[in-house]
Amino acid sequence: MTAETVLDFDRTNRIGLDEAIFCAGKTVEQIGAILELAKARGAGLLLTKLTVEKLKGLSAANGDAIDYCAVSSTGFFGSVKPIIARGAVAIVAAGTSDVGVAREAERTLRHAGVEATVIADVGVAGLWRLTERLQEIRTHSIVIAVAGMDAALASVLGGLVSSTIICVPTSVGYGAAEAGRTALNAMLASCAPGLVVCNIDNGYGAASAALRVLSSYEQLRRSGV
Amino acid sequence: MTAETVLDFDRTNRIGLDEAIFCAGKTVEQIGAILELAKARGAGLLLTKLTVEKLKGLSAANGDAIDYCAVSSTGFFGSVKPIIARGAVAIVAAGTSDVGVAREAERTLRHAGVEATVIADVGVAGLWRLTERLQEIRTHSIVIAVAGMDAALASVLGGLVSSTIICVPTSVGYGAAEAGRTALNAMLASCAPGLVVCNIDNGYGAASAALRVLSSYEQLRRSGV
Amino acid sequence: MTAETVLDFDRTNRIGLDEAIFCAGKTVEQIGAILELAKARGAGLLLTKLTVEKLKGLSAANGDAIDYCAVSSTGFFGSVKPIIARGAVAIVAAGTSDVGVAREAERTLRHAGVEATVIADVGVAGLWRLTERLQEIRTHSIVIAVAGMDAALASVLGGLVSSTIICVPTSVGYGAAEAGRTALNAMLASCAPGLVVCNIDNGYGAASAALRVLSSYEQLRRSGV
Amino acid sequence: MTAETVLDFDRTNRIGLDEAIFCAGKTVEQIGAILELAKARGAGLLLTKLTVEKLKGLSAANGDAIDYCAVSSTGFFGSVKPIIARGAVAIVAAGTSDVGVAREAERTLRHAGVEATVIADVGVAGLWRLTERLQEIRTHSIVIAVAGMDAALASVLGGLVSSTIICVPTSVGYGAAEAGRTALNAMLASCAPGLVVCNIDNGYGAASAALRVLSSYEQLRRSGV
Amino acid sequence: MTAETVLDFDRTNRIGLDEAIFCAGKTVEQIGAILELAKARGAGLLLTKLTVEKLKGLSAANGDAIDYCAVSSTGFFGSVKPIIARGAVAIVAAGTSDVGVAREAERTLRHAGVEATVIADVGVAGLWRLTERLQEIRTHSIVIAVAGMDAALASVLGGLVSSTIICVPTSVGYGAAEAGRTALNAMLASCAPGLVVCNIDNGYGAASAALRVLSSYEQLRRSGV
Amino acid sequence: MTAETVLDFDRTNRIGLDEAIFCAGKTVEQIGAILELAKARGAGLLLTKLTVEKLKGLSAANGDAIDYCAVSSTGFFGSVKPIIARGAVAIVAAGTSDVGVAREAERTLRHAGVEATVIADVGVAGLWRLTERLQEIRTHSIVIAVAGMDAALASVLGGLVSSTIICVPTSVGYGAAEAGRTALNAMLASCAPGLVVCNIDNGYGAASAALRVLSSYEQLRRSGV
Amino acid sequence: MTAETVLDFDRTNRIGLDEAIFCAGKTVEQIGAILELAKARGAGLLLTKLTVEKLKGLSAANGDAIDYCAVSSTGFFGSVKPIIARGAVAIVAAGTSDVGVAREAERTLRHAGVEATVIADVGVAGLWRLTERLQEIRTHSIVIAVAGMDAALASVLGGLVSSTIICVPTSVGYGAAEAGRTALNAMLASCAPGLVVCNIDNGYGAASAALRVLSSYEQLRRSGV
Amino acid sequence: MTAETVLDFDRTNRIGLDEAIFCAGKTVEQIGAILELAKARGAGLLLTKLTVEKLKGLSAANGDAIDYCAVSSTGFFGSVKPIIARGAVAIVAAGTSDVGVAREAERTLRHAGVEATVIADVGVAGLWRLTERLQEIRTHSIVIAVAGMDAALASVLGGLVSSTIICVPTSVGYGAAEAGRTALNAMLASCAPGLVVCNIDNGYGAASAALRVLSSYEQLRRSGV
């Protein structure tokens, strides 16, 4: 079994999204091999769910080449795109504990050249915190809503904002929060219409979806529809 | 097996709540026998989850003696207490589909002499509907919050109202609503503090809990604490 | 409990989506009352999950005023918007059994003035059926992917198409399909990046999300991003 | 993302409950930042689910300023309210293993100025232990029932005591105890009427609910109901 | 496929239990064929979960030959054993709704020649109903405890009675009762030691287990342990 | 949406299996349209999960052209392959209630020209029934094991027979049988090595897998490996 | 909270079973306090689920006074009953990995004066291992069957042995074994009649049930029935 | 309890598969004892799910005698069969994270003398990676498909390849991947016909099934079918 990894360098052309490396299921050896492949190709990579332990396990050269963010467990390896868009995406997080996932989304967008606005700790238990920021949120055409436990933030936003709302349930909470299942289900079964949902803790996925929307718009704009 | 039912007529003295008959698991014959027992004793009964089909299956005499409410599937058999309290309990329901459960709570309270205020269709997808009624809700020291799907109403209320909040998840919704499980879990895992929760669709239980709070207060008041 | 329903006529202004009536949890009486409210206001309504039985239970006047589609269990009551957009949204369904949900999405879009392209029975068990239509699918900036059972269609599309992809799992299948849970989870855990997901059988929700994306485009266009 | 935490200092005025910091999902850095915010404001804080490891990770100044209880993993930071109520709340725990959660409730009440009576190890496997204490329990208008495994204690109490009964399932047990799910479900589906339930292991939530009931009493008293 | 059923007439010799026919998964044609096989052999049969509809679908000759009990959905076909034991087994049921399952156990025992004592409606919500019968229950060496919802009856019995206790959870209840799963889990996770449990609604299984215990007694007696 | 169904007539060439029509999720109209497509093409079709009600709903011409089997809910429409193989496949069913699924497998094989041996009612509760047939079973190189409830038959066969063993769990049983989930899981977690498993009640799938094995063998034989 | 533990020293008189200490949910401090209570009273105790780490955490005096068995994680503290019965109970375990639970049962019986026969590694994947020991097993009037994964051993035993069969599912296995849930469900849904089941990994519970059977027999014997 | 393990050395004769030792549930002591038994008998053994920690815990002599593979956590102890077959089995893995399970299958086959072709990282998110290898895959009569998350690879293969396809879901992924449950269910509910499935992460089981199929070929060849 010589080649365990076949990087999909053509992905950007095909679907407009660069390949990212999901590190949770991979050994340090496998991640190291992937970095070498990317380096040989001169390609930049986004690394997600990269723990500090695995980061330290990489060779010094590879480890040092990674721009790492501990809060979101993400790394940028090699070149990062310049910022090409601002003000289009807001990331709204319910609580302090949801910040790691929110930042994973922020970093994924940044890696693709999109600067997002992050608005944290505006959960509905203190509704005033959300309403204070509502006007600001509404100026963004895409809103990523990050919340765990009951995920009520998503439904409230859904009733107040006309933007595209991409929901990310988080595994924050215990007992009946069921490791994010409750937030996921509540977002899916929301009383507010037109919410769409990503996997639990999947800030990367929400950012990728936002990039699809932005690139779809670009496609539309160019085709002059 | 001569006696399949042993009515707990002493319950009122012991825990302050009359016995109610949960009809869902009982045959028409069993319900009829219970009514006869109550009639012989001269006791009034509350019947819950009594379908129209079962109601029609009862003897004409017993059926006619029941004050039936089709929306809530409840019946009053025999005497009902006079109204002894008003303005203490509000029942707040998220959507039209939640009204059956809300009315089960209202009827249970009424059977025990408590008149509740019902405020329906104030789900958070249209937050203005709730905020319009907020001052009215706050005047009640006990709020029963009835909601299905994402149950976000409970969390929003929990952050805005200082009253005792008794939540009733409903089985309204489909798919990820999981027959009320999602609403139940969201209420249990709410970001708002101090919510308490009853079983799915259990309007009767929420009303009974409200009666416990009122009777506890009465106990305190009398003891002069 | 005089008013069981408070219609949210302001919703269109607030979030760009008209209120729709989810009929599954409502009695014929409740639906009838809602139609009267809408009629009095002169507002058009979309009705979803409306069974033939409930349709027949409505008054003749109201029933006849409904443009009903049996495959999708949807009804248009009153006026429908003229078509304002074409060619932006494709609805791709895996199998014949998924067509009901696909058509619910199509009808929801049509009610809001958007004409969608429907491409049915292109599940991956016969991959040639999908690849034959791939170029056509790619011309749409939004793709609604409808699939039950293993939902592999969503992942394959996700790897081939750069459009915004909104996934709708269906309850098609039995046993391990778990009434749509497996399709839902597979779409959420897809190996393809940037898919977003709606509730099981929720064609209405997917269409609403597409409408949000279209309105985001409009906002992006205006802001000159 | 400068401000990851927006403390809700107004909560007390709004809903009568101080903000508490749930530490399980937060890093040591985030907890430290929150303590600084509170210190700057001169506000006292209750910390829940604070492990010894995290406590030790805090700065010496902050760590020393915390009155910590290892059994309940709670901490008092800054000022604590004087005792304003006694004898109203009993906390009844089924087994020795449930004591941690019981004490979390006790400490939450104490932080808010309410002294509770704790009655431990009275599970129904040895019913005499409960009946010996029954008269004492009945003198309290609010009973918090803490139990894991089968949670039968809650149902037995519910049939014997007229007080408000707030149930807290615990994750004590293994296998079919399902990490507290069985106790939770048994409490929700209890044969005794009017029990209300909090999340698994949520002693804090039960105490908060008790505080809501006490504040309802106050409101009732003022309104002269 | 000529022979779809191979009756296990030797079962009695091998394990001391007659074969019984579980009718729920069988068509009327299959049940009819089995009765013919038994008739040809001159063997008596116990039929369980036999609905009235299926009973009526049988040939008149076979239908009339069945001693049917509608409450328990059981039938005796052909000869029944004379009573060979009395006073050894008590069947204790929590509520009126549990009586069908209790009677299935009673009839299974009776078919095997054992007369059981049935004690119904002694659930712990009215503990006095149970304590009144406690001495009587204790005289039986085997107790079958039948309960749904929270199944607290089983744990209370387990702490008060030294007999062999065979628990049967029932599907009585709704929502968090989870069709008997909660009662099942609560019995398995009981705080009282040495309870054993059968499948949900399986009165037949509990009676079969009781018959095994009675046969163990016989073996113990013969071996002089 | 003109064409809701795109039949995959090329499937036989591609994967060696004819397309079959799964009728459970399709309306009578959709099934009728598919039959017309097949008739126009002159292709034979296997119909699975076809209820008597749907069969009766078809046009007389189409209904009469179907060779229907009520036990297995299968239909042959149009031509059926001549028998090309005998003695290679045994279908072993645990109980009478499993016969419907066993026959679905038998009919699927027969439609493809393979005659299978069916051995019914050999569940392990009466192990002699299985051991009596063991030598016969062993002469078949492929064994399809059909069982519900505990599915112990699969594990026992797995320890006694060297053939390829394809397991089909059935939804026979109640309560803890969990509609076939327990049988499915027990087959997957079997202590006997090398068992493979199909979906619950999926006799069609097991037969298709057997056809894959036979066709793989044919491929190998022809290639002379 | 002075007394966190109320030992139930009267349990033996009441239900014939000594109190045992379940150590999994208790801190070292709590276990130590319980040992002191027992020592003061001169009572012997059985400790279950006692890890080596907790054992080492106890005071030297208490730790040394414990007769510890690492395979079963059980300890005898203080006096142990002399052997009063032999040959009545067999413990039959399916695989080597099930031995820990089997030994927990053996030690619990031994603590109560009953010597059991242990027969290990006789899972049905190698059926000859079981049939070789079948005659020996049959001489015991009570059989405790310990098995994980598919738990097929229980069903096979149930069809071959007339003894009382007490099943203990174990958490052995992975994936679809679902931490013992599959074995539990398979035992509950067994095709063999009259099996009774304990909680997952609950060797202690199975032994306690066996003691109830033996004590019931003793009661019967003494009463001369 | 002298003999905790009864090795099934006759298994090869009976079902054509050698006994393998599943190490996950066994202590180092138990594994060591099994190796001694095998050594005494001169038998080779395959060890699965053997962690590096347990390997290091073995005696030096036994540890050194093991040919260990860290990626798959498998060991060969003693003699290994010479290669007797090549080119019949392909192992196709969706992602780098699935390689451990794929290699477990490869090693199990190798231990039995079958050399498999491994084709890794061909998940459908980059469909070109799979289509590039399709012709090569088709030359193998047995394909083992290894995939986690959505497991769409299995369905796509099932529609393109006529070989016997044995699916192995892996626990790769998080959240809605549900530790492999989603991949398992998706494979079971696949839209492609005739797939068969093994337990989650059970590369050993898939290889054993492949060995059964190969032995079926042999039987078919001998019988001249």
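Chains: A, B, C, D, E, F, G and H, in written order; residue numbering restarts at 1 for each.
The rule we apply is simple: contacts are C-beta pairs under 8 Å (C-beta built on N, C-alpha and C of every residue); 3 or more make two chains touch, one makes a residue touch a chain.
Just so we're on the same page, UniProt names per chain: A, B, C, D, E, F, G, H = Nickel pincer cofactor biosynthesis protein LarB.
For clarity, every value in this text was computed on a predicted model and none was experimentally measured.
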Graph distance between chain B and chain G, where chains that touch are linked: 2
Chains touching both chain E and chain F, listed by label: G
Interface composition of copies chain E and chain G: same or different, split at half: same
Most widely separated chain from chain H, with each centre as the mean of CA atoms: B
Contact-richer chain pair [C-H vs A-D]: C-H
Duplicate of the C-F contact set - from E-G, B-D or E-F, the pair where over half of the pairs recur: E-F
Cα-centroid distance, chain B relative to chain C, in whole angstrom: 35
Computed distance of Cα centres, chain E from chain A, in Å: 56
Chain D and chain E: spacing of chain centres that average the CA atoms, whole Å: 43
Numbers and ranges of chain A residues touching at least 2 other chains: 14, 95, 125-126, 158-160, 173-177, 184, 188-189, 192-193, 199-200, 202
Every chain pair meeting the contact rule: A-B, A-C, A-D, A-H, B-C, B-D, B-E, C-F, C-H, D-E, D-G, E-F, E-G, F-G, F-H, G-H
Chain H-touching residues of chain G, taken from the complex the two chains share: 71, 95-97, 99, 102-103, 106, 118, 120-122, 125-126, 128-129, 148, 172-177
Residues on chain H engaged by chain G in the complex (per definition of touch): 1, 3-6, 8, 10-11, 14, 22, 24-27, 30, 34, 49, 169, 171, 180, 184, 199-202
Of chain B, residues touching chain A in the complex: 94-95, 123-127, 149-152, 154-156, 158-160, 173, 175-178, 181-193
Residue numbers on chain E that touch chain G, as the complex places them: 14-17, 20, 87-88, 141-142, 158-166, 184, 188-189, 192-200, 202, 204-205, 208-209, 211-213, 215-217, 219-221, 223, 225
